[in-house]
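Each of the next two complexes has chain A plus one more chain, namely chain B in the first and chain C in the second.
== the complex of A and B ==
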């Protein structure tokens, strides 16, 4: 009986997917549903929650601070896309090129930063971008006679610091993705193109870029996700969740401030759900535009 | 992959975003069990704090408690965690109904958040009652809701001025002659011209200076009903005085944004700023973090706008609470009162922590306050308690209300930065702050 059950072709697949389904239900769907429930409640410490209808949503609509957090997250995401897609692609092509020496060295040097903890890296970047004359970046600027800059107190300079951290930390990871993508492009195409008299740039433009598309889409998707979810970098850069004039406040930072720092979990749940919605829309649109769904259906 | 499956995967990916808030900078707690003189039958109480020194104070009080109460002995398990972590963990523990300690510290700025609705903390009225006559009432008020005391104070935090006399002397300034802000400005201009150093800081990330200015004028960030009024004429006047000092090169913004940060300790230590107007507990920062200034710092009353105004206010603070999850509530309460309200406790708070104790009887005990072996007495040029006793009747209260965390957040992250870093008009910045606060509290 048991043997029949275990060897049954109908049951086995379900047994195999069961762990995933269970984990999905317990750790994703249940918290998601309970966040959705909380977003309609006022939750106070250790007390039974009160239903408040759409109050939290109404509050969120006129919340200028939330808007600021969204703008910060979106700006950060867009800037990371601008930096962390073309440059890693270019570097990957260079590393992959035939004339390149020390290939493995460059791969590991670029990848090293990804192994450091964000907490450590963030703290070091905070000190590097300190406003005192003696901090690393300011002392470098001093060589060129530039006055010390209060990096972490201004919007643009603050973003320069954040983006340097992101670029330093993720460049190597994205290079590896693109390198893997490049390995999948057969050499024959390049040979054929050479015979037809294509220049190096033309080969890059008409062979490399189109054939790297699946990799690019993947990197784009995870970069959007990572950008919108950025929190710890900002937390470490400003040594806390409260940056001057909220220049480093991200959506997750706002959620954290409301839910954990101000014990307003109901409102924080609303922020979380709106963030989920925004990210879903961005990612699904981008995936649809890049034709991912069409291919799957065909 | 099917479309719906794709959608589901995307959803789970995006759902990860919501979970991201929890795994912040947990740097972990250091836990140690203190069992001074405790026998086999002792009850173990858990105590959370964000200040390591508070644990040391509890340790010496624990020894005395166990000697005096043979039948109710205690072992204390002290966990020291970083500031944000400790408060966040405590609120999660109280939210979920499990995992909270018996006794915990809560910083005054966070306290109102723990009083929402029905506080998950025990009333301390019965244990406070016997000590009420001798302790500063306004410090209890900070941790009181609707007549119920939920937290016991650690110190008064009376704000005083700290002057670096070495710098002042080289500029030919005598700090004793500084009474009003006009005097301070004149002295500051002289200091800047002669030495190139600033007289003080223009704080962008903390409200000490704003509190000081409001207290002098008998006002607060909120009105009597607790409604925020950060654009009151008194606030505008106070900040305009500071702005004027900044324009005259008397004060300047400091790395870290305010004196009580690691960056600023360094700036003070090298003598870049000649004075700080901070609560009494800032003394311990001098002793612990600015060793180079030993013997050079004098304490004095803070300058006032007009002669005769009160010079001080109680700044900062930590309320220690007993949570509803305590195993033995009465024992925890009795021990807490013993460790924070008795005369012994208050003497020990001065000796170990260097705070101005809430039991003002201690302020008059010469043998305690002028003890030559005390490291705080040794560090400063004049005796801190001489200044304390001088300003005793002029220590105003800056209230802690349900809107305080929001007010502090807005002014400390946005408003002061706009005024002192971006040179924005004071009135305009404060009006914007007021509407932002009102909007957030809706």
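== the complex of A and C ==
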């Protein structure tokens, strides 16, 4: 009887999606709801929570350290967009060019860094940007007569190190995204443009860029996500969550500091919810942008 | 025409060859450092000096000597990656099949839930999940790492897209032959999903093998540490473990490199899975 029921075509789909429903409820919806609840509470791990109303939110608004973390995350995100969208797009177009020699080889080389973990890549870059005269970057600067720089002690130079790491690890992946996008552009468009006497730059400007828009929006979205949620890169670069004057403190770093290091889960949950709000706004904007594109397309 | 083509080719190489060397530079630096004593690294920094008088295989000898925890971490990571990927792929494929092969009440709503998971960065859930795992008594277990990701949203999404491309007649034919709904899935559908499994398997395996933050939060027993956690513990301010850190870091890249060279196509399919929707 039960067997017939479970094996019927009506019930089978529910059996198939059941694991998702369970995981979704227990490990996604419940934590998210409890995060919202905790933001109104004072919570220590293993102790019962106390309701504190909007205290956490009020504290957060006045919190200059949180502001600093937000500024750092936003700066990092914006800079990764500036580096990791135009350059990969350009490189993808060049790799795709008729005249390109060793296309597959260069694609692979650009992709190699994506195979490394943040731990390994972070360790390498931390050492490369070491403050000693003989450290890789300083020794290269030395060739040009530049004095050794204490990269990880200053805000700007610290970001140079962080962004180099990001550029190194993600350049190849973004190139692959753009190469996939380029495949969807029919050759006829370029041929037609050539017949009309369009220059290479005009073709890039008026065919490639507009038709890569879906890819660009996708890369933009995932880059914003990764940028705003960045933490481990900073953790590795400064070998811990405490950088000099908090130059490497990010939103998630602050969430981690408050929640895990200070056992102040309620306040940390509030930090998380602010980030959630920001990502939701980005999502809606992205949906609007890509929706807009579809209308143009039709 | 011929001449300008050659000129273009050369110009492209003039751009791409130095760029490639720049990308390979960190790999070369760490490879080189793996042959030097950690003391050198502390004193002179990570550099490109090819000084054979200080170079030796000592670090490698130490790595394989068994006098450290490296291979405990290595095999922990391997075990965790294999179990995690196998379970995640199977469960995500099952769910994706449910979404692609049937019409049922609540389907759209549930699929929106899948999309919602993809839209919220995992980091936001770190603390409530941490508390949940603590309250469930799962701290210091691999279950704490595996369970939350079992029904992986982007993997479900990819599998569903893939399955939508499989003709429905296959399912109908299975029913005519008297196979049960589950028999159809297990015996007819799973075998044709191999390329999708390869792409998602590699993507998930890389994520799992390289994952630091969540395992780092829930594992505190050193005998359970994964490779990224173990390597991170070697990065101390005193630099007393740099021999192992450098050689271990370099060595940990090698298995993934070998896999990449063997299955390059699947790596690229997996990594770009999200972007190619036309």
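Convention: the second predicted complex is superposed on the first by the 262 of 298 C-alpha atoms of A that agree within 3 Å, B and C clash if a C-alpha of one lies under 4 Å from a C-alpha of the other, contacts with A are read in each partner's own complex, and residues count from 1 in each chain.
One rule holds in what follows: a contact is a pair of C-beta atoms (placed from the backbone, for glycine too) under 8 Å apart; a residue touches a chain by one contact, two chains touch by 3 or more.
Here the structure is a predicted model, which means the values were calculated and not measured.
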Given the touch rule stated above, what does A:44 touch, chain B (first), chain C (second), both, or neither? first
In the overlay, answer first, second, both or neither for which of chain B and chain C A:205 touches. neither
Touching partner for A:180 - first (chain B), second (chain C), both, neither: second
Applying the touch criterion given at the start, work out whether A:276 contacts chain B, chain C, both or neither, answering first, second, both or neither. both
Where does A:114 make contact in the superposed view: on chain B (first), on chain C (second), on both, or on neither? second
May I ask you to decide whether A:213 touches chain B, chain C, both, or neither, giving the answer as first, second, both or neither? neither
Which partner does A:30 contact after superposing on A: first (chain B), second (chain C), both, neither? second
Chain touching more of chain A, residue-wise (chain B, chain C): C
With the two structures laid over each other on chain A, which partner does A:106 touch: chain B (first), chain C (second), both, or neither? second
With the two complexes superposed on chain A, say which partner A:153 touches: chain B (first), chain C (second), both, or neither. first
Of the residues on chain A, which ones does chain B touch that chain C also touches? 24, 28, 31-32, 35, 43, 45-46, 119, 130, 132, 225, 228-229, 231-232, 235-236, 252, 255-256, 259-260, 265, 268, 272-273, 275-276, 279-280, 283
Could you list, by residue number, the parts of chain A that touch chain C in their complex? 7-10, 12-17, 19-24, 26-28, 30-32, 34-35, 38, 43, 45-46, 91, 94-95, 97-102, 106, 108-121, 123-128, 130, 132-136, 138-139, 168, 171-173, 176-177, 180-181, 183-184, 214-215, 218-219, 222, 225, 228-229, 231-232, 235-236, 239, 252, 255-256, 259-260, 265, 268-269, 272-273, 275-276, 279-280, 283
Sort out for me which residues of chain A touch chain B in the complex. 24, 28, 31-32, 35, 43-47, 59, 62-65, 119, 130-132, 150, 153, 225, 228-229, 231-232, 235-236, 240-246, 252, 255-257, 259-263, 265, 268, 272-273, 275-276, 279-280, 283-284, 287, 292-293, 296-297
Parts of chain B lying in touch with chain A, wherever the complex brings them together: 1-3, 6-7, 10-25, 27, 84, 87-88, 91-92, 94-97, 113-114, 116-120, 204-205, 255, 257, 263, 267, 324, 405-406, 409, 412-414, 417-418, 421, 436, 439-440, 442
Would you mind writing out the residues of chain C in touch with chain A in their complex? 5, 8-9, 12-13, 15-16, 19-20, 23-27, 29-30, 33, 41, 44-49, 91, 94-95, 97-99, 101-102, 104, 107, 110, 113-114, 117, 119-132, 134, 147-148, 150-151, 156, 180-182, 185, 206, 209-213, 217, 228, 231-232, 235-237, 245, 249, 252-253, 256-257, 260, 264, 267-268, 271-272, 274-278
